[in-house]
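Before I ask anything, let me first share the structure, which is written out below as structure tokens.
As written, the chains take the letters A, B and C, and residue 1 is the first residue of each chain.
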């Protein structure tokens, strides 16, 4: 009778206690001074090496469609990618396909580029927001000036120093797609054939992208905050990915423990009933 | 005492951080139970999100792609675009609502027309990738292909065919086909398990980001990790 | 706004176009239902034909274009505008609903007032900020604008948005404990895979594998001898198992799903293009 009460009490535990356990786990893990060496998967190494292979002065398109809802996953990726591009002295342009993504990426890019002495208009530019990614990518594949017209500060594309010698996406070396949604398929479907793509999805979208990695439609991928940590490790920097990774891995341990605990309680309750 | 002075909202930056923390805690109050505090901030969020989109849509899109080409480049036919697009807003009218379907039809037609290019660019390379898997040592191979690669390729092809069989509904699954489809269903669970694992990581990361903001920016507690 | 000649001409064209387009509506209203359906089907077909033909028609070898590519370039801006207007439909519907709630004092109309006030405030500062960013209409960036927009966007909207999405973590955890029951073969496979992936992809997986003494690196000798004990032990490292699951087991599953979805999407696209799908257009 006592055991039955215990197992059924375990299975009927108030969900608010579960929430509290999760919160305590995360707070504890964030404050822990533990740093574990990452395992660098081939996709992350390939991502890093694709940017490393570029030459100073090459131009990269950063497609930044993320907003506040996926801040914790995409912001570490965005910051690490921009730091890498600036370290390699690459030119880059940013474009957004949702309204909040425009301001978030522009404000963040302004802060990061100021730290590295990059000048907007000269070394980098933001093309603002366009609602339809398919039309934008298809249009930019032929003529960026006609597809985008001007940057976020209303400077015509032809007058931007960063766009000197660049007419269309065919002149770009690489696209980095940082996104929580399905923008990758639009880039793959409508970009110029030889334009390389590397991908920074949230973890939810990552599992579906392995098929694109296998067919070499994307050359590398960093998955969420965890991928950002591995990428930061390759870059030798400490960013948000490094700060989050402890909490990520110990939350996984917690959730696995509780799944097993829940199943064990169910099993024991069944046994004690029979 | 220094910490307390730095913590309190005594300047614009700290006040802003406090407002952010209050917004965060107000939303988290739903975890305890439904309350008016949560409802207030929820409605504020919806209003802010809807209001924010107006700026970029009006200025970054309509001004950039409509007003300025008409005014600066003299592309006069563009004048018809916005009135034509405004037909969409008749959807709320019972009598004239059908005219919105003209614009919807144009958008759907455009998406459908673009689907051919999307199909060929997206799926044909994947089909090619699947068909070009090396399943045995090619003639004149110089030892660059390992047995593990060949084994993995066989596994890839078997899984692909099994899962495709499971998704084939044109005929009844019987005998060997049924067993293959069952295998496909089990293997599909592997893909779903991978998705589940990654989904858990994604959601936890979003929560971790919020807790990090509360600890680092608001409470100014030192965070570990690097 | 109406200082220059271009502005006057632009305004003239816009007003003229608006009058013409809206004057068309009573004319269109005279169409019988069959005529309306044919008109919508015609517009859908022409729109689809344009883009399909632009893709299928052969291109000039030197320029990489066909005769439809340049018209597409000129049209794509207008389609962006129509897409932006279609997105505004949702906002319009939302404001309409809450205005009605507030005016008619329906249940919880107080919250509708909060929503409307937030909407108007944010819309004002968002438009002001975007105009100031582009230097349009002589609008300047002022300290008030900077502070107000920073407060509303960075410290309110962004925080609320991020927090809303983070709530799901709690629900996933609670659901995983209370509802995830391993009762069948399929559930076991799913759960086992998820657990290996969750631990294998994080540094903890590497740490556990190193701690129990599994080989740390793959050497050339191990690569050429896959059945050696050392190679097998290396392959049992949690990160290697997780990567193998993701790349060798998960990838073909996702590809099979992609093929199924792709063929279905193409079939649906053709049906929509030819207006065979009732109830859509």
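In this text, a residue touches a chain if its C-beta (ideal position, glycine included) is under 8 Å from a C-beta of that chain, and two chains touch if they have at least 3 such contacts.
For clarity, every value in this text was computed on a predicted model and none was experimentally measured.
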Item to check | Chain-level touch network, classified as line, ring, star, complete or other | outcome: complete
Checklist entry - If you count the C-beta pairs in contact for each pair of chains, which pair comes out on top? => result B-C
Next on the checklist: Can you work out the whole-Å distance between the CA centroids of chain B and chain C?
Outcome noted: 5
Checklist entry - In whole angstrom, what separates the CA-based centres of chain A and chain B? => result 11
Checklist entry - Quick one: chain A and chain C, Cα centre-to-centre, how many Å? => result 15
Checklist entry - Got the chain B residues that touch at least 2 other chains? => result 31, 49, 52-53, 55-57, 60-61, 65, 69, 111, 114, 117, 122, 126, 130, 156, 191, 194, 197-201, 204, 206-207, 209-210
Checklist entry - What are the residues of chain C that contact at least two other chains? => result 74, 77, 79-80, 83-84, 87, 129, 134, 136, 153-154, 157-162, 164-166, 169-170, 172, 176, 191, 195, 198, 201-202, 246, 250-252, 254-255, 257-258
Item to check | Multi-partner residues of chain A (at least 2 other chains) | outcome: 19, 22, 69-72, 100, 103, 130-131, 138, 149, 152, 207-208, 211, 214-215, 223, 226, 245, 248, 251-252, 255
Checklist outcome for this item: In the complex, chain A touches chain C at residues 11, 13, 15, 18-19, 22, 36-39, 41-42, 67-72, 100, 103-104, 107, 130-132, 135-136, 138-139, 142-143, 146-147, 149, 152-154, 207-211, 213-215, 223, 226, 229, 245, 248-256, 258-259, 261-263, 266
Checklist outcome for this item: Within their complex, chain B touches chain A through residues 31-32, 49, 52-53, 55-57, 60-61, 64-65, 68-69, 111, 114, 117-118, 121-122, 125-126, 128-130, 156, 191, 194-195, 197-202, 204-212, 215, 221-226
Checklist outcome for this item: chain A contacts chain B in the complex at 16, 19, 22-23, 26-27, 30-35, 69-73, 75, 99-100, 102-103, 128-131, 134, 138, 149-150, 152, 185-186, 188-190, 202-204, 206-208, 211-212, 214-217, 223-226, 238, 240, 242-248, 251-252, 255
Checklist outcome for this item: As the complex stands, chain B meets chain C at residues 12, 16-17, 19-21, 23-24, 27-28, 30-31, 39-63, 65-67, 69-72, 74-76, 78-92, 95-96, 98-99, 101-117, 119-120, 122-123, 126-127, 130, 143, 146-148, 151-152, 155-157, 159-160, 163-164, 167, 184-194, 196-201, 203-204, 206-207, 209-210, 213
Next on the checklist: Per the contact definition, I'd like the list of chain C residues that touch chain A in the complex.
Outcome noted: 65, 69, 72-74, 76-77, 79-80, 83-84, 87, 129, 133-136, 153-154, 157-162, 164-166, 169-170, 172-174, 176-178, 180-182, 191, 195, 198-199, 201-207, 239, 243, 246-247, 250-252, 254-255, 257-258
